[in-house]
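Letters A, B, C and D mark the chains as written, and numbering starts fresh at 1 in each.
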Amino acid sequence: MLRALIIGASGYAGAELANYLSHHPEIEIAGLVVSENSADKNKLLSNNDLYPQLKGKVDLPLIGSSDYSTLGHNIDIVFLATDHAVSHDIAPYFLQKGCVVLDLSGAYRVNQAEFYTSYYHFTHQQLYWLSQAVYGLAEWNAEKIKQAQLIAVPGCYPTAAQLALKPLLTEKLLNTNYWPVINAISGVSGAGRKANLKNSFCEISLQAYGLFSHRHQPEIAAHLGQDIIFTPHLASFKRGIYETITCQVNQGITRDDILTVFNNYYAHKPLVRVYSEGYPALKSVIGLPYCDIGFELDQQHLILIAVEDNLLKGAAAQAVQCMNIRFGFNETLSLL
Amino acid sequence: MLRALIIGASGYAGAELANYLSHHPEIEIAGLVVSENSADKNKLLSNNDLYPQLKGKVDLPLIGSSDYSTLGHNIDIVFLATDHAVSHDIAPYFLQKGCVVLDLSGAYRVNQAEFYTSYYHFTHQQLYWLSQAVYGLAEWNAEKIKQAQLIAVPGCYPTAAQLALKPLLTEKLLNTNYWPVINAISGVSGAGRKANLKNSFCEISLQAYGLFSHRHQPEIAAHLGQDIIFTPHLASFKRGIYETITCQVNQGITRDDILTVFNNYYAHKPLVRVYSEGYPALKSVIGLPYCDIGFELDQQHLILIAVEDNLLKGAAAQAVQCMNIRFGFNETLSLL
Amino acid sequence: MLRALIIGASGYAGAELANYLSHHPEIEIAGLVVSENSADKNKLLSNNDLYPQLKGKVDLPLIGSSDYSTLGHNIDIVFLATDHAVSHDIAPYFLQKGCVVLDLSGAYRVNQAEFYTSYYHFTHQQLYWLSQAVYGLAEWNAEKIKQAQLIAVPGCYPTAAQLALKPLLTEKLLNTNYWPVINAISGVSGAGRKANLKNSFCEISLQAYGLFSHRHQPEIAAHLGQDIIFTPHLASFKRGIYETITCQVNQGITRDDILTVFNNYYAHKPLVRVYSEGYPALKSVIGLPYCDIGFELDQQHLILIAVEDNLLKGAAAQAVQCMNIRFGFNETLSLL
Amino acid sequence: MLRALIIGASGYAGAELANYLSHHPEIEIAGLVVSENSADKNKLLSNNDLYPQLKGKVDLPLIGSSDYSTLGHNIDIVFLATDHAVSHDIAPYFLQKGCVVLDLSGAYRVNQAEFYTSYYHFTHQQLYWLSQAVYGLAEWNAEKIKQAQLIAVPGCYPTAAQLALKPLLTEKLLNTNYWPVINAISGVSGAGRKANLKNSFCEISLQAYGLFSHRHQPEIAAHLGQDIIFTPHLASFKRGIYETITCQVNQGITRDDILTVFNNYYAHKPLVRVYSEGYPALKSVIGLPYCDIGFELDQQHLILIAVEDNLLKGAAAQAVQCMNIRFGFNETLSLL
């Protein structure tokens, strides 16, 4: 049994991680950690005002983070379900102890220091670890993930967008002069678990935000090697990501060409489901670890539909998937 | 034209008040006031992150509350859409200037100082004004409202419960040994407009709260002169109150008796709609100033259904209705 | 007083029409008509299982449509809130009697017979009336509407898309080689009021539909004179349309240029609200007759956000607006 | 491996059954059956317009029901997720073949023929099997379930109500002269998967229905041996049951007495979770096979809160639980 620590365990992704790991046959949860001054400290994760759905399943206490040094003994794996500033600071501590670290924040996702200066507005201090980090897009980077000590798990928007576009770009089916137009709609859990008037039930309404300025735009563009237009929206549902991607194919490309490429890449990938006809609805993936992809072609224009549960394939499930790959377990262990 | 001030104008009830008054033919809005340290200070009420639906309708600025003394000139009417501690403190200032004050909080709703010690946990300091306050249950207290300088407008739960039960209790149709069981379900706006994890979109779920301990239980009981059981619930909708009230009728009471009593009391009350058959749904009243009442009788047991928009008949609309009654305008002016 | 008939009055748009007309000072409702075999025949529009929110406001009976000839006397205006096949067939009857007809269906929206063959799959039989029909995009066709006997009111998707794009295309700010990418999200009421498993509460989930094949694509393209990509989605809300439109501006066009053009066209149009900064949310327009427009520019790419209530500016409110224009009333009479 | 047939597999409970059985280690799905004239015949259960969430998990075809005789060979277990008229008619066919039948309808839930005459308005024709049927309230009838050939699985409302009240009635803690007031709120899936205007997304709104006349009232009363008042409501959520039950305790009963009784009955029952403090929210159980119970006592009055997922503990999960008990498997096999 490997011992895993989850830091940021009271957040939405952290709780999903705890749920998966609680029934993972190869993993023992070494501790669920929250920040020292969290109101959730010392509560059970399954407390009434936290995750009552986990009663009887994950009745573990939330430990204040000052206890790292104690917890740090005999830890094999650390999941950081923390924001990028925290991940940036604490990842090296665990890495130096030899732990494998799976970071769900943006702190190590792009191996260029200047990326952080431009889009995250801080100076990255961990250039060695930034250079070592492997991007945890599980279906695409398995070989590197197997060797990695620090895995930067991509988040919700980038995972769906890249899984849909990467096979077509790799196989040169797309007109790269046409920037794919990614219209993405996220559930509210994407904003995290915190008191914020913007996330209040009465305030939430379908709305675009961060036009031309969301951090995931350069992340997606950097990893695809393709300029894109990325327009995120927030909508009145708890979880899920729905992306409608409009792009242009090269002359002569047919529907069959596209389906063939998708099948070549994903037929044996258990967590990507390609629709040979029709396209997924949001409900297709809620509570499930899949990314579902459908498409429609009309002469030159191609519309891709990519959906996932933002907390699962867009966060916790992909992190566990990366861990499974890293340690040689079945890729979907505890996920399906 | 009378000049009216709205204090607490950036809250949900305050904004509804501003909307009604903005097209009231006899009223001029003298100012929309928020607390001095509100993040909304100096914004327009119709600002993108406040009430964009009011663009072009109520494009008035929110003024910081330190400006009372300036605003206090030539004010005829003050609406207090503030919490009870604030209302308690500032109502006397405006009353002493001769303004008519309509308080939407609980600060002056029960004319007994000990009520506040027991249920609000503070010592009421304004005993003179407390003794002068008239309870603004508009359909029942019109004569007193016409004379009042301080009108304590009842809130959402008590308005629906009392409008449903009061005719039957007054006409002695109910077995008073059987405490009416009031199961009430409120939309989230009842909790006010503030950053609170409990009101976060992802946290909200149908749930009872405050069992046997909600402040509205003694308020309803005191005004009805009848013990009750009151069980509030919060549910995943923005606005509205749905109350299902189970009670017992006296021997021999028929369905017709009940309908006759309701019609005697409400046939000429424009904001109470009695259903002669069937019962209202929540959608019957959302965005409307009505309280709708339906019922079903089975031998001894009677079930009453009372619904309203918590922000309208349960707050802003009833406050405007009281103002209309107080100044001799048509009761529904600007409401219908 | 002019006498108006509403045919299809039990549908969602029909009920909104009835609501507007019920308090229109220049209009008397001559009758609310439903199809002869409708389950709603002879009920009041405000019946419990129809529109209880209209109790006391529109307590009029729904008349079976075989009564046309009786109802046809002394009718000045007919609203057709019927599907296109019905509108196609019955419009001429009323037109020949001299009524002004406002058709909310697609039957007369494009003055080309072949349009109907291609996209509606039937042969249009009313070529004379088709040639006479005026497209009721109220902000753009007021002069023609004033003269029209048959006004084809555009529906939800086309109204928002055209109001956003038309000023920019007219003023040649857009690169017309780049087909605007219109991602549109509609509430469920857009599908009409009928028993259909697809509209069942449990089945609805955010989902694209009709990719490259929705009838509104050629309608929008025809009226704009511009190829477009139109991708409609259905989402879990009752009413509203949210359109995110990605397009390309010509070299050198600035944010100010765009704002200036919008203001030139719409500053004096009461039902279009242009956002000088930020962009609308869906809640900005629900229950209101406006179309709200915001935008963001990033070098060459421009994103337009256009929202409206699909049943109001996208149906009933625009129909009443057209009627007001046609008869010389204030454009917003009974709407604001 | 036992071979199980699911009849009515395209309904909401049927699909949940298929999902559970698909990963049950002791069960092989022998067939998923729908009615002969169902539009879903020959589709995969995981079809886009059925249950796309099951893609890759339950890709089995739906078979038209005329194929019973073929399917009937080598069948050990039959789940009837059909309405009561169908269950009434077809259960004997499978029983005579020696299958164990788990019926999720009301057809065999009360062992009195006259119950069906009064509340279901038909004459029960299967008196022998009615007399043999065991009521599948799993936590209470395990000994009988182990011997049963026909198990009548209770539905959503009765399961939650009985699990909450039965321990207290059995231990004589309640004043039986006071009829428990059961206010129950159901998600829309309780109405089944069919085209019905009443279930349309735009029509659904929080609303009581069936006051004093719902069939579950006599079912609950018969099995509890206690008169009750049962008031069901429909609300705008997909799944779940929330019951707020007001009752009266006998003189001298304390909070500890109640908790002790609940713990005595349920501490070792894995699918009932008793809250020693606080009370469950609807989200506590959605997607999970539990019934959660909380309570609050105020002198004489006691409020019980009982929640469950109507499709799981209120249907499919309880049916599988009964099957597990019947065949000596672990009670929660494939459920947790």
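Everything that follows uses one rule, which is that a residue touches a chain if its C-beta (ideal position, glycine included) is under 8 Å from a C-beta of that chain, and two chains touch if they have at least 3 such contacts.
None of these values were measured; they are calculated from a predicted model.
The interface holding more C-beta pairs in contact, when A-C is weighed against A-B, is A-C. Across the assembly, the mean Cα position most removed from that of subunit C is the one of D.
Distance from the subunit A centre to the subunit D centre is 37 Å, each centre being the mean of its Cα atoms.
In terms of their C-alpha centroids, the spacing between subunit A and subunit C amounts to 40 Å. Per-chain CA centroids place subunit A at a distance of 45 Å from subunit B.
Contact of a single residue of subunit D with at least two other chains is seen at positions 236, 279-281, 283-284. Taken together, the subunit B residues at the contact with subunit C in this complex read 48, 52-53, 55-57, 270, 273, 275, 277-281, 283-288, 290, 292, 336.
Taken together, the subunit C residues at the contact with subunit D in this complex read 12, 49, 187-189, 193-204, 236, 238-239. Subunit B meets subunit D in the complex at residues 179, 181, 183, 185, 205-208, 211-212, 229, 231, 233, 235-237, 240, 242, 244, 246, 279-284, 296, 298, 301, 303, 305.
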